[in-house]
Amino acid sequence: MAEAQSRPEGSTALLWTSITVVYAAIMLFPIFWMASMMVKPNDAMFARPTQFLFVPTLEHFSYVLEHGFHWYLLTSFLLCTVSTALVVIIGTPAAYAFARFEMRAKDDLFLFILASRMAPPVCLVIPFYLIFAKVGLLDTFLGLTLAYMTFNLSFYIWVLRSFCRDLPVELEEAAALEGWSKPQIFRRVVFPLLRNGIVATAVLCFIFAWNEFLFAFMLGGRAVQTLPVSIPKLITSQGVRWGEMAVVGMTALLPVLAVVFVLQRHIVRGLTLGAVKG
Amino acid sequence: MASASDTITPAEGVIRAPRERLWYPYLLIAPSMIMLVVVSLVPFLYTIYLSFHAAKFGRVTDFVGFDNYAVLLTDPRFWNSIGVAATFVLIAVPVEFMLGLAGALVLNQNVRGRSLLVPLLFMPTMMAPIVVGLLWKIMLAGSWGFFSYNVLERFNLLEGTSVFASPEYALYALIFVDIWQWTPFMMLAFFAGLQALPTGPYRAAAVDGASPLQMFFHITLPMMTPLLAVIGLLRFIDAFKVFDTIYILTGGGPGIATETPSILANKMTFEFWNIGEASALAVLVWLAFFAFCNVFYQVAKKRLNAF
Amino acid sequence: MKSRFWCFAAALAASTVLMAPLVPAQADDTSFYAEAAKPYKGSTIRVLDEITPLQETLSKIVPDFEKETGIKVEWELLNHFEVINKGQADMLSGRGYYDAIMLHGFQLGPMISAGVIRELNDFVADPKLANPNLNSADFIQNPFKTAAFVGEKQYSFINWNYNQIYWARADLLNDPGEKEAFKAKYGYELAPAATIEQMRDIAEFFTRKKGAMLAGKPLESDFYGIVLEGIKGGSTFPTLWNNFVKNYGGNLIDAAGKPDFDSPQTVAALKMWHELWTFAPPGIAEYSLVDVPTVMGNGIAAQSIAWSDFVLGIDKPGVSPLAGKFVYGPIPIKAGSTERYAEAEPSVTVISAASKNPEATFIFLQWLADKKQQDKLIALGSGGVPIRESSWALPAITGSANKTLYVAMKATLDVAEAKPKMPKFYEIYDVMSGVAQEVGLGRISPEEGAKKGQAELLKLCTSCLL
């Protein structure tokens, strides 16, 4: 669409760029403010009148490290990686099948997949808790990995299916004529072509798991504690440790920001949930 | 937009399995289906079971038929929560939609440094909702919030109350936070759609001397419709389920002014431990969503060719 | 360095001066726990408690139990709301991950009615398990008796005597200019409020706009006469109920458990409640029990009613710039009233009915409540909230810089009671804190508030006690 415009490039570029930058600056100010709280001394935190200038301190970082928050970061990372990997392993063939093959009641099955993401998570937590308590999955890595499937597996299949649909079917047909078996076709033809789509969708699943709070809080515990769940620990008897909270909040954001930065094209496409052809 | 359905011919992208290989696609979907049965269907069936039983304190006792549903449906608090959620969704989602579309159109102009701006603009959506809640507490909390103190109180805009303490403002503040958080999502999804549009029709229209406004209404909008519908409706469902930010910012208060079904369900389970009633609420919400999605899926598929 | 020395000195003093006459009994006690624990040596118990400065100090003592008995304690601290959520979920689901769980007094009604707390009567009667020298007569009796027992059934000992106190800015109350102005306006001396009416006058007197003078200096931002907890949930309603409604002669329920909220006394109390809110910061309806002490510590309000254990965390050099400039007092009562009520939340650690190690846990609970550990706790914390009468005489308390704090605390604890054991406490709490907010904010009149509260209560229960 951009190509369709025939105005002088320079001046309009400046206009649109400034509009975007100003908009971004306004919208991102609260995040910037929180970022500044990472190095703000406690007595300046909410001083009245507001202190814009202060001598930076690293005390919040040292508190966070002393209290072992890096372990929660590690837990989060491992948990999200494993659960996302599992989603990719079992979800990819399913997405491919839904895109490529005829099946009886395919629509109903697909709707079932969508529907599994419909219930408000808060309503699912108690059944999960009661079932997990019975089978001993509370506060286990496996338990949370499974719980994360409820929202991530359906999302993954849904989005990846659209990437699958866009693959040229001719390649697979050619391979079939060569006499390759179906698993061979999937492994050697489909999988390499799908790689970008898989990465993009998997990253989105990772982000959902990374930010998840309710399941991690109720179904996790001492053994499995994720970064978002660690945040309420900063509400202490000496008041809320806002500086430390800012450190943890920004730490949670940065890895995601970095990944989105690198993979932005694919991720944005994944966000359209398959309603856009790449 | 490509489309896949069981009625489409092989040439359009569906491989017809030879008779003897009919089991193959089922094999491919089997692990996922089993997993979803375990993690979604089983808990859900258990929820249905609980909703027909007295389960105060999580102790399943008598079968009570539809009693839990009757109690819920006659509870003004339940209807209040539906009303709150309806207000929330009906304001937040259209505003996010419009702002997102406008933003996407701007972003689609010759903006420089887009690869830097896109991830930055996307930050609110990427943040953990619990962090978003805390962030806006820092901004809007009464007396000490940055914005409350420097703007609202300085110019006495709230006349002696504070944002989250006021039944009038609290809900709108939550809506505002939702808009802040999710407009970037809409914007980027729409932007992706705009980027994928073919350039041919625009060239033809330019030759015909069409104005940018005409092009938008006659070319862009019709071609974008499926995407707009999918994203809008998905956001609609998600907005209805919002929990973390409301829980942190108001916990449903003041009074029950911001108590959505999610917040109410949370209260019913973790405070009152009326598990039967909470399960009934879950089933009702789920049924409503399911009906909604079913209709939407059929419409989106047939009319909009969106899936 | 200095404070550490002081701690050490206090501990030393505690152990030499006070323990001296008890030495033989002391030796018996130590060997008692070691002896009783023999069959359970090597086992592990899991205990969930909430995080306040008191528990943070206790964390340093808990490892001694393993050294003494060979029973390992996994001691987990979570914040207030998490302890309630996860602790109850663990008990109610019958999971039994935690052997012992800290419950606030108000949780006892619902949890006992759910049958998830193990009764202790058999253990208490068992000479192999019960320490004969525990001396439960030394527990501050009101909170202990009301929290630990239902009729003859005992469910716990006493662990935490959370209590509210009146809290004011001594620097302002003692300012000569302010004193003079106050006397001229109200006709009596400015001093920490003893009655609710005085608290109101002081609140009105100190509520000032930005630019006005306060203790001789111009204000850079608005200043408020009082700050109270006002959030929905939390302890907003108990604050209103025990400090105001009861001191005005009203109550939530009558002795038989029947809702009794729409009395004229309650209306009068609600009227005062609303009036005080008009002298509070605009954010009051958002303030939780964590925010109130923070607001006081930041110096934007003249007085408050707050939880004393949180005060211990705030009135410290390095935490609040105003540390040392505060004065404390008993919860103000209605002028002319002869009875006294004050909000407190005696809290206990109970054994989960699903625990697999109830005996070992029982030994641990006694050990915690034992005088030796309690003395150590107060010495290590340079003060604290006593659960034993004998603790008031400890040097860390008698020699505290915060003398008025302990006077205030003792006044509250003398009359402190655990909440009545109401199975529907949470539902009641939820609607009543809404009423407290609406009346406080002036959305509904005190009369309407009392009526609405009564109607909501009647919807929940006509006989609300266990």
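For clarity, chains are labelled A, B and C in written order, and residue numbers in each chain start from 1.
Criterion: contacts are C-beta pairs under 8 Å (C-beta built on N, C-alpha and C of every residue); 3 or more make two chains touch, one makes a residue touch a chain.
In this text, all values refer to a predicted model and were calculated from it rather than measured experimentally.
Colleague: So which chain is the furthest away from chain B, centre to centre on CA atoms?
Modeller: C
Colleague: Select, from B-C and A-B, the pair of chains that is joined by more C-beta pairs in contact.
Modeller: A-B
Colleague: With chain centres defined as C-alpha means, what is the inter-centre distance between chain B and chain C in Å?
Modeller: That pair's centroid distance is 41 Å.
Colleague: State, to the nearest whole Å, the distance from the C-alpha centre of chain A to the C-alpha centre of chain B.
Modeller: 15
Colleague: Residues of chain B that touch two or more other chains: which are they?
Modeller: As it turns out, chain B has residues touching two or more other chains at 58, 144, 149.
Colleague: Do you know which chain A residues sit against two or more other chains?
Modeller: Expected reply: 46, 48-49, 130.
Colleague: If you look at chain C, which of its residues touch at least two other chains?
Modeller: Residues 85, 89, 93, 221, 298, 300.
Colleague: In the complex formed with chain B, which residues of chain C make contact?
Modeller: Its residues touching chain B are 85, 88-89, 92-93, 110, 113-114, 116, 221-222, 230-233, 281-287, 295, 298, 300, 424, 426-427, 430, 434, 437-438, 441, 443.
Colleague: Applying the document's contact rule, which stretches of chain A touch chain B when the two form their complex?
Modeller: 1-6, 9, 12-13, 16-17, 19-21, 23-24, 27-28, 30-31, 33-34, 37, 46, 48-50, 89-91, 93-94, 96-103, 106-107, 109, 111-116, 118-128, 130-131, 146-147, 149-150, 153-154, 157, 161-162, 165-166, 169, 172-173, 182, 207, 210-211, 213-214, 227-228, 231, 242, 245, 249, 252-253, 256-257, 260-261, 264, 268-269, 271-278
Colleague: Taking the complex as given, what residues does chain B use to touch chain C?
Modeller: Answer in residue numbers: 56-59, 141-145, 148-149, 153, 158, 160-162, 164-167, 250-256, 267, 270-273.
Colleague: Quick check on the complex: what are the chain A residues that touch chain C?
Modeller: For this pair, the touching residues of chain A are 43, 46, 48-49, 129-130, 133, 138-139, 217-218, 221-222, 232-233, 235-240.
Colleague: Hey, which residues of chain C end up touching chain A in the complex?
Modeller: 51-53, 56, 74, 76, 78-79, 81-82, 85-86, 89, 93-95, 97, 220-221, 290-291, 293-294, 297-298, 300, 309-310, 313-314, 319, 321
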